[in-house]
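Each of the next two complexes has chain A plus one more chain, namely chain B in the first and chain C in the second.
Moving on to the complex of A and B:
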């Protein structure tokens, strides 16, 4: 297990290294930047030179990269272009909780609702209930979250005036925050229920078709007991590996929904700094997200090994 | 499994034809008779039964057929947009701003008096352009690299695998957003960015498939006959991949539609004044809260298009019997 973890960590380091080389080099090699003509505030040549010197952009690309990499290893991603007094790390730290909260709650909503729907569909295979759930899953997974966001705002903010149409509210008052982020979480989480329900239905249906379930039934066990003790416990394994990565996935994906509702999360920073071509900030966020996602997959795989002993055995034999 | 619900009624069709043999068996059989190669078999006739059967299965899938009809309509609208509407997509008409649907403007007008129906028509163009170009160019790059990686193995495969890992380390829209930012936002650069990230999918499919085909007996037989490598790849490996690639192409389109709408929505795609459905959502500012017709139509078009292309892709997956995880 330890050897396996170390091997995976090595793979992650390699991937992140490649990703950082690719993104960093691209941002330095492709002509243009925030100082180019057409920027909101035109800069004189001297100003551009001073700007480049300040951020070390006048040095060769490889030296810039090595400096960046050395700092990045200590999670220091440098200073942003647009807010020079703040470091990228500070910005990430201040914006992350917003994205984590919205993305995490949306993922929780998607997983809980999706699992319930999926189990209901699998338990009633090939009936009208199953048909409704699978149609729902297809339809939901095609609605972009930002489109649903608009629809929800129109009905629940503009027409009914139940919820605010945007912003975060007072961070010190959790009721106010909950009131503000209810719509974003729903708009973001509900489309994701489609995929979760689909996958759950498939896992549960596969478990229900297995021999041990037939044995359990033929022993005369009650249907509810078979479902909870035999079917769901076994279906849980493939489900966990698929749903755990949803958390970082939803956190990174929140950029669309943060744009609709004007939430001050990491995704919004990513979009705003992309528009401003704030390279250090975008680069920092990109690498941070990649690290987060890679670690989640690693944890998922390790958990998988702990839950399912068969995986460990094959791993050792290999 | 997704379209099952929608085609369940036709499942007990008495005239249900027996599923034809998959081409794998035919080809394997043909290839296992060395003297029949290469002029002995006719790929055209061998495949006819498989593709005809696939079409029959596809046709019974209602969501897929809806997708096909809707997608054809969108294509026609995109091509004939100038003929279909008397207005220009960027003609500002300050006398007729923010009108609800009327006879003259069936979908109403926006805050600059531009006809929304016209902008919907023209907005189909960038969407289709991104979808089709991304798919075609992605295949053109991903397939050769994937086949070579799977067939040659070794250091080349190692390098390709690292590249695949790198592009899979992040959700594709983040990489696309990053690339578009660096290259400066425009429709061309959006397509370029989608291709740079999109080839990975077909490459991964082809690499896996080539690995599994490479070990089969008929490939060994072909090689034992002294057939050059490129011929083995072109005539024995690629035909096997056709259904998988067709599905891969089709399933990339809804993603591309979503990408175009989403990135234009974020202001990183189509540049104004050219219309894009995603852009129409974000450009509606706060006007839409009072005049909801400004976003109803683009929002519906985005959702319906994704649904239609997703339906086609799902229908193909089932009709061609390709596995989602290879």
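Moving on to the complex of A and C:
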């Protein structure tokens, strides 16, 4: 397992290296530059040259990359052009908790509610319960989260005045924060329940059709016992593959949810960094995002081995 | 001779008795009154006996609710009107960082600025709600006789938050430092002597045409007479002398180091959670806000529901607003009452690269054909649904020196047959042989893209030519259209920076951003623009605009305008209708922001909102 993990970490490092080269090159190839942000009248050649010299952008691209890489290995991704007083690392560190909290709770909501619905549907296959859950899943999958967000704000903030329309609230009062993020968590998480429910239903239904389940029933085990000890455990493996990546995807923020609810998260920087040609921020966010995804899949694989001994044995044989 | 007989006693008594009886009898009869009219003042004394109620003194407690004649007094000493809400509710929620991050002082970067609305720093001048220039950092100004410099007489008594007086040296330092440190808005000041050379590094900052004659006289020299120079002061914010060196980099983002000249102080700064500006009790300038705080966030909850829930203090609707939201606004009487059309401040237009790389476009008749093949009025009406005026020239409707007669200028007259003939005469009958060009569109919204699609369709239908649309992000567009000039044609917008025709027309000089050169136009325009006689200046600029339209190097399309909403319990002089009937929250560019003269009233006017 340790050797396997180390091997995977090596692969992740190589992936990040290739990704950084690709992103670095692409950002330099795209027209424009950080000196042009919003300028109605283009800067003169002299102004552009002065800007480039100040930030080392007048160096050959390969030398710029090597400089960046050397700093990145010490987790120094440089200063952003967009927010000149702080580094990329500081920006991510300050913005991420907001996105992580909302996204993490939304992912938990999506997975927990989705699994419950999926299991119910699978346990009542081809009944009206199954039809309702399936219809719900399809319906929810088609609703964009920001549309649901507007609807929730209209009814619960404007009409009923139960919740604020957005913002973060007082960060020193967890109750106030909870009150403020309730709607964004629901808006972000509920549409994802559809996909989780459908996938759960499929995995559980497949497992329920297996021979070992039939054997378990024939041995006299109760339905709840069969479900918990045999069905769910076997259904977990494909479910984990699908559900765990939800966390990094949602925890790094949604531009739409953050726009609708005015949340101070990381989501908007994904867009702003690109449109502003903020090279350090583009690279930093890309590498961070890739690292998060890669580590998530690594954790997924490790969990495979824990849940399914056959995977551990297969790896040992290799 | 008669002998006198003496009256006897018997006769005497007889006579008296007869006289007395006669008097008695006379008194018994009603005498006939002899009417004598005579006015006599009579003092009449009437005695009347009346019953009088006995009053008993009773101790009575009366509770009196004092009705104040004035409202609370804010930390600046300004007395709010009597109907104002308590001071703790006198704040504004303000979206900040619309450019996404940015520098703290506007003279460090305009396009990448962190703050809006000149809260912490004074500008040299500003505009009132009627778009007239007023002094903020200065009291008055006057040009020299030959128009080559202006003297600005600074406001005495204006102090920094650290107690130092704001003097001319601060203004001189600010502009010198800004232009010599890569300021992205430097072109705005290129009318100032040596500004371009200082910006490019050819000259030292000390060569810039700005000088402190004494502590309170600021002199600005210009390359040529600039009658509108005071108008440029609306963007010129002061920073303390040597601020960058003594306070350190990014001092204007740090409440610990921030030094303010304006009415508000930066007391909290957080990129994620927002900023807090607090009214300075020691502010000595002319802007006298009533609100005590401006609370800002990088982004606020979006959409009309957030506004209706009170989480936004302003909201804008326009042509891009979803029809459902427009319907909601129209159906709600409160929202309708809170809707205020704003003056158009920008113009969308089509431009052609006439420099010769694209041969057909260098021919004015080809360009005229392209212009006359576009049905502008119909396109604007259909696509903007009342949220834009057709643009006959570069100046929006209602702008000073706007010329409605340009509607009859030949390029603006839709005439497909004439267009076809022109194109045919130019050597492209029915569009045959005309190259397929790309029309670059700068970061278009849905309406701008629809307009370009309509133009594409009309050129195809009326002229038989094909073009490809190329929507581009801001920077890619700028590279293609203005820097590298590889775009044959482009569709872009320009917004005013101040309220004078020069703000628009200056950009069309050959030294501006467009791939079109016309030195004769430059000469005519510059001569008119340099005149200090308003009539001469404006008539010359009107002629210049007409020539611009007739050159067909540009085809002016639309002037969109939004509708701003703000709560009906916001009152104050900055929200009053101006001479054209406009009420503005943010002001047009350069105008006072609402915070300079509004307050929240204790009113239930929003009762029917939810």
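Heads up, the rule we're going with is that the second predicted complex is superposed on the first by the 299 of 318 C-alpha atoms of A that agree within 3 Å, B and C clash if a C-alpha of one lies under 4 Å from a C-alpha of the other, contacts with A are read in each partner's own complex, and residues count from 1 in each chain.
Note that in this section contacts are C-beta pairs under 8 Å (C-beta built on N, C-alpha and C of every residue); 3 or more make two chains touch, one makes a residue touch a chain.
Note that the structure is a prediction, hence the values are computed from the model and not measured.
J.: Assess the superposed three-chain arrangement around chain A: do chain B and chain C clash, or do they fit?
T.: Because the two structures are overlaid on the shared chain, the partners are seen to clash.
J.: Return first, second, both or neither, reflecting whether A:275 touches chain B, chain C, both chains, or no partner chain.
T.: The answer is both, since A:275 touches chain B and chain C.
J.: Would you check which partner chain A:252 touches, where first means chain B only, second means chain C only, and both and neither mean what they say?
T.: So A:252 only meets chain B here.
J.: Applying the document's definition of touch, where does A:262 land relative to chain B and chain C: first, second, both, or neither?
T.: second
J.: Applying the document's definition of touch, where does A:212 land relative to chain B and chain C: first, second, both, or neither?
T.: After superposition on chain A, A:212 lies in contact with neither partner.
J.: Pick one for A:62: touches chain B only (first), chain C only (second), both, or neither.
T.: In the superposition, A:62 touches no partner, neither chain B nor chain C.
J.: Quick one: is A:30 in contact with chain B, with chain C, with both, or with neither? Answer first, second, both or neither.
T.: Touch partners of A:30: chain B and chain C.
J.: With both complexes superposed on chain A, which partner does A:162 reach: first (chain B), second (chain C), both or neither?
T.: After superposing on A, A:162 lies clear of both chain B and chain C.
J.: Report for A:174: first if it touches chain B alone, second if chain C alone, otherwise both or neither.
T.: After superposition on chain A, A:174 lies in contact with neither partner.
J.: After superposing on chain A, which of these stretches of chain C ends up overlapping chain B: 386-394, 530-538, 548-556 or 566-574?
T.: The listed stretch with clashing C-alpha atoms is 386-394.
J.: Residue by residue on chain A, keep only those touching chain B in one complex and chain C in the other, then list them.
T.: 30, 32, 150, 153-154, 157-158, 165, 259, 275, 277
J.: Taking the touch rule as given, give the residues of chain B at its contact with chain A in the complex, in rising order.
T.: 1-6, 8, 63, 162-163, 165-166, 169-171, 173-174, 177-184, 254, 258, 261-262, 265-268, 281-282, 288-289, 292, 295, 299, 302-303, 306-307, 310-311, 314
J.: Provide the residue numbers of chain C that touch chain A in the complex, in ascending order.
T.: Per the stated touch rule, the residues are 99-103, 111-112, 182, 184-187, 196, 199-202, 249-250, 253-254, 271-274, 297-303, 305-306, 308-309, 311-312, 473-476, 478-480, 482-483, 494-495, 507, 512-513, 610.
J.: Mind listing the chain A positions that touch chain B in their complex?
T.: Per the touch definition, chain A meets chain B at residues 11, 14-16, 18-19, 22-23, 26-27, 30, 32, 126, 130-132, 134-135, 137-139, 141-144, 146-147, 150-151, 153-154, 157-158, 165, 198, 201-202, 249, 252-253, 255-256, 259, 270-271, 274-275, 277, 282, 286, 289-290, 293-294.
J.: Tell me, which parts of chain A touch chain C in their complex?
T.: It comes out as residues 30-33, 35-44, 46-47, 50-51, 54, 80-86, 91, 94-95, 98, 150, 153-154, 157-159, 161, 164-168, 171, 258-265, 268, 272, 275-277.
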